[in-house]
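The block underneath contains the structure these notes are about, expressed in structure tokens.
Per-chain residue numbering starts at 1, and chain names A, B, C, D, E and F are given in the order in which the chains are listed.
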């Protein structure tokens, strides 16, 4: 499946914290930067996500803001 | 100003394409990965964004999805 | 690729309207309901979207609201 | 009240799972497809949502992505 | 219709700028603060939005970030 | 830091409810209107948010819908 989201950043899952409904998943990119994602627990299970596995952070371009110092 | 958005990725603006209302801004991260953002033209002007300038891509964690191969 | 977005609705593209930066893509579901999406023009091209083609509308669960009469 | 969100899909609530802050609400459309939504617990109470009740899934067009096989 | 979005701010439309696909609509709240919204042109027409008319800015709680000085 | 999000509404934090992963933060604007936000617990801690403190509600324009009576 190919998706229209313009941003796919490949990395490795380094942390998963589960709540009652949502989970926080942290991905580390090759350069060391980290991306934090909130998805449902059901998705963590459906995709068999686990610490140490490769995964992509996926972001729709309209959800990216820009900031400057 | 400090913002609650968990993801701030620093890079350099490499391309700005303006439409009637929205603009597409592309940021290149140090590792070479690119992040595409859609913001309003007014924001491009308010922040004096221009190709070659440093900027952050900012994403709220709840807007990050995860994908696996 | 498998994505964490919980909502994937399969249908057929019935209309594409392109602007300067964004495009509006309408998908008709089997039952006749229509889903409208705003994505970038670049994604329309990258995915070779065209009227008459099959496609999925994909929505992250945190972007779905509920309403009642 | 009429809202600008382009996508209103009518169905029946078939499942509500509450967490500490957020709840997951699943709506089944007439054709059998299911839509999953994450809203706050307060909204579940304010709208008196309950399994078996009719409800709409509401999605802003800019939050719909497109995918192809 | 009642919607799960937690934030409904009533004001007056003071400006509408239309693009090819999207429009920018500015609402002024009673206290003088302004809220800027990007919606599709089709929604501007469907809701008969016009400068001077009363309208609500509607925001899902998960789309609100917090910042501090 | 200056951010592209068009909507920054200054107010005072009047309530914080923490869950396992996410927290609900309510800000009261000078005119008395309230804005509800869902952010991660980690952000509540990183920004040292607390009831009684001044803070901004920040919303990207593409996440604001319009409604009319």
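As a working rule, a contact is a pair of C-beta atoms (placed from the backbone, for glycine too) under 8 Å apart; a residue touches a chain by one contact, two chains touch by 3 or more.
The shown structure was predicted, so the numbers you read here are calculated from the model rather than taken from an experiment.
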item	value
Neighbouring chains shared between chain B and chain F, ordered by label	A, E
Chain copies touching (chain A, chain D) - same or different residues, decided at half shared	different
Centroid-based (C-alpha) most distant chain relative to chain E	A
Chain pair equivalent in interface to B-F, over half of contacts matched, among C-D, D-E or A-D	D-E
Where chain A and chain F are represented by their mean Cα positions, the distance between them in whole Å	23
Chain centre separation in whole Å, for chain F relative to chain E (CA means)	17
Chain A and chain C: spacing of chain centres that average the CA atoms, whole Å	21
Residues of chain C engaged with two or more neighbouring chains	1-6, 19-20, 22, 24, 36-40, 42-43, 47, 56, 58, 60-63, 65-69
Touching pairs among all chains present in the structure	A-B, A-C, A-D, A-F, B-C, B-E, B-F, C-D, C-E, D-E, D-F, E-F
Residues of chain D touching chain A in the complex	17-20, 22-24, 36, 38, 62-63, 65-69
Complex interface listing, chain A residues touching chain D	1-5, 19-22, 40, 42, 60, 62
Of all residues in chain C, those that touch chain D in their complex	3, 5-9, 13, 24-25, 27, 29-31, 33, 35-39, 43, 47-49, 53-69
Residues of chain F that touch chain B when the two form their complex	1-6, 37-40, 42-44, 46-47, 56, 58, 60-62
